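Below are structures written as structure tokens.
One chain, subunit A, appears in both complexes that follow, with subunit B as partner in the first and subunit C in the second.
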Partner chain A sequence: MANGNGLTLRKSVESLELSASGLNALRDAYGKMQALSADDNRGWMYMAGVHGFPQFQCWHGGRVGLSQGALAYDLFLPWHRAYLLNFEHAAKDQNATVSLPWWDWTSAGSQRIGVPVSFSTRKLGKNPNPLASGPVPEVRSGRVPGLPASPQRRTTRSPGDPSELPTADQVNTVLALTDFVDFSQQLQDIHDQVHGWTGGRTGDMGTIVFAGFDPIFWAHHCMIDRLWYLWQLRHGVQNVPPDYMAKPLAPFALTVADVLDIHRLGYEYAQASSSH
Partner chain B sequence: MPTSPKTRSRKRVTAKKHVTPPISTESLAQNFLRADIVFDGLDHSGASFEARIFINNPDADATTELTAQNRYAGRFHVFGHGGCFGDVGHCEVRGTPRPYDPRPAHPLTPMRKVVIATDALRKELKRSNKPLTLTIVPVVRSGTDRCDYENVLKFDGVSVVTYA
Partner chain C sequence: MEQAGPGYEARVFLNNPDADQNTPRTAEHGYAGSFHVYGLGVPLPEKAAIQKSVMATDAVRAATKDSSHVTVTVVPVHGEDASDSEGGAMSFDSVGIVLK
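Showing the complex of A and B:
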């Protein structure tokens, strides 16, 4: 889905659910990616495996960089922006009209029902709904004694009570923070909360190792990326510590400076929203 | 493709809480604009959990209501790695980087969490300027069979920081 400028227009899940064509494109793209094998780098399992098992290249929390005594830095927001962009292009390779939707967990609908219907309906006809679950590759036991193996399977969720999701007030408090590191830390905490809420006791969204295999992961991170964009509109697009700019966002061929302006990345977020 | 869950059934285990030794309030700014409770060296290798913080309430546990009356100060959340899915040593955090090693630090490098607790700390310091104890109650949200649920809360230190 593109606007008049050729930019990909990302919309909320709730608005996507009102449009059969947008929802069908998403189902089509995700279904085709999920049908590819774990070894195919165009596929669902490969892309999810960049974040968790087996590649573990995701970025959460502050880490120390090159050389002893270097300051900690946190690439949580820019790394996931680069990740979403690459994933969205992999989805477009399967269906050129697709765009990633955001799941607004602060909306009245989410606070009432939790996971949106389009992502929670288990089956479409006789087939698994590609928005409700995704394939997870076989996990071998490894050489660590006593660790269980599991065959290839589909993701599960056991979400909490919808009233426990973050509220618009919580989000607005975080959006008012003026320092990027402060903002990133507090937004990451809300992000962490939603991961645990969605996965529940045994669900895949609840841990880094398997979260990316669940289709709602991408809608959750689209919301996080959108909130960063809204923060940037208020506090400045280039507002990151200067020493962040040249940091690479491995394995993507992008630096932090490259991902600050979403329009340069070829997408934007729809203006309409239920809560912001 | 089977749709069976990835984990075997588990017994519910209560995560151990932590009560800090008294934390001096003498060096805190008077009339601060903001007050944070800062956790350093926080482990995130295992289960995902919520950590609830109570001030001067050592009896607080996972059933304690999150109210000012119970001296609830705020909470943080950890999106846990989920346990180790590699071979022996896979999740051992590398030490100090050697010279010319361009890699960022190990993904499981312990992290920092900052809980903004301005109102709760202001109320507590109005009551008394005696040292504070913090009770941190972890509530596990999610995990895998490779997680230690009982000892999910592990950190190097906690401090109270105020901004005037």
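Showing the complex of A and C:
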């Protein structure tokens, strides 16, 4: 799905649910990705494994994956932007018309029902809905110390009360922060809140190790990336500490400077009717 | 902080050292806000460092109205049920109030 400038246009889940073609393209792409094996780098399990098991390359709270020590800087926002872009390219390999949708957990609909219907309906006819769960590869004992062996399975969720999701007021307070580090820390906490809300005590979204295998992960992170974009529109596209610019976003061949302008990356966010 | 299990909420109260998971989240009870921990889902050899901040301008103003001494109580709350909480999840290198 591209706009007149050739940019991929990312839309909200709620607007996608109004368009059969957009929703079908997403189901088609995710279903095909989920059918690929864990060692196929175009596939669902491989892509999710970059974030959690077995690669653990994600950035959260000033740390990479399972590393012990916190660093003096945090590449949470730029790393996940590069990660989403890579994932979107893999999805387009399966269906060229697809674009990642964002889940606006502050919307009136989300505050009433929580996870959007398109992502919570378990079955489409007789088949599993590829937006409701994703495959998790078999975890072999000893590959990650402390992680128990488990057979291949599909992700689960245990969401909380929808009224406990972050509100538009919370988001608008964070969007008003002028310093990138402050903004990143506070937005990351909202991100942490939604992971915990969706996963609950037993669901996969609540843990770094398995969150990326749940399809709602990508819609959640698309919302986070969109909020960073909205913050950039207000406070400056290049607004990161100068020493961040050249930092690499492994395993992607990109630096922080490379991911600041989403138009250069080839995508755009649609206008939304929400309050931010 | 403890991050081995699933994510959890940590509620911050000012001048309410007896606060627990059942304390109402209201200004009258010193509630300043919450932060959230995204669980690793896999044990680490020891608790890993993480920096968290809570914006609490109104709560700090109220807590310092009559005294410059402020106690900070952090209550971890696990799961959907606020009564389902566990102790020992956190230890702090430092806790500070930053004025900007």
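The rule we apply is simple: the second predicted complex is superposed on the first by the 261 of 276 C-alpha atoms of A that agree within 3 Å, B and C clash if a C-alpha of one lies under 4 Å from a C-alpha of the other, contacts with A are read in each partner's own complex, and residues count from 1 in each chain.
Heads up, the rule we're going with is that contacts are C-beta pairs under 8 Å (C-beta built on N, C-alpha and C of every residue); 3 or more make two chains touch, one makes a residue touch a chain.
Everything quoted here is computed from the prediction, not taken from an experiment.
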item: Which superposed partner A:35 touches (first subunit B, second subunit C, both, neither); value: neither
item: Touched partner set for A:136, first subunit B, second subunit C, both or neither; value: first
item: First (subunit B), second (subunit C), both or neither touched by A:191; value: both
item: Of subunit B and subunit C, the chain that contacts the larger number of subunit A residues; value: B
item: Touched partner set for A:253, first subunit B, second subunit C, both or neither; value: neither
item: Touching partner for A:60 - first (subunit B), second (subunit C), both, neither; value: both
item: Which superposed partner A:161 touches (first subunit B, second subunit C, both, neither); value: second
item: Partner chain(s) touched by A:124 [first = subunit B, second = subunit C, both, neither]; value: neither
item: Partner chain(s) touched by A:202 [first = subunit B, second = subunit C, both, neither]; value: both
item: Those residues of subunit A which subunit B touches in one complex and subunit C touches in the other; value: 52-53, 60-63, 66-68, 144, 147, 160, 182, 185-186, 189, 191-193, 195-196, 199-203, 206-210
item: Subunit B to subunit A touching residues, read off their complex; value: 1-8, 10, 44, 47-50, 76-88, 90, 96-97, 99, 101-102, 104-107, 109, 111-114, 116, 140-146
item: Contact set on subunit A toward subunit B in their complex; value: 52-54, 56, 58-68, 72, 128, 133, 135-136, 139, 142-144, 147-148, 150-154, 156, 160, 182, 185-186, 189-193, 195-197, 199-211
item: For the subunit C and subunit A complex, residues of the former touching the latter; value: 4-9, 34-46, 48-53, 55, 78-80, 84
item: Interfacial residue positions of subunit A with respect to subunit C in the complex; value: 52-53, 60-63, 66-70, 144-147, 158, 160-161, 173, 182, 185-186, 189, 191-193, 195-196, 199-203, 206-210
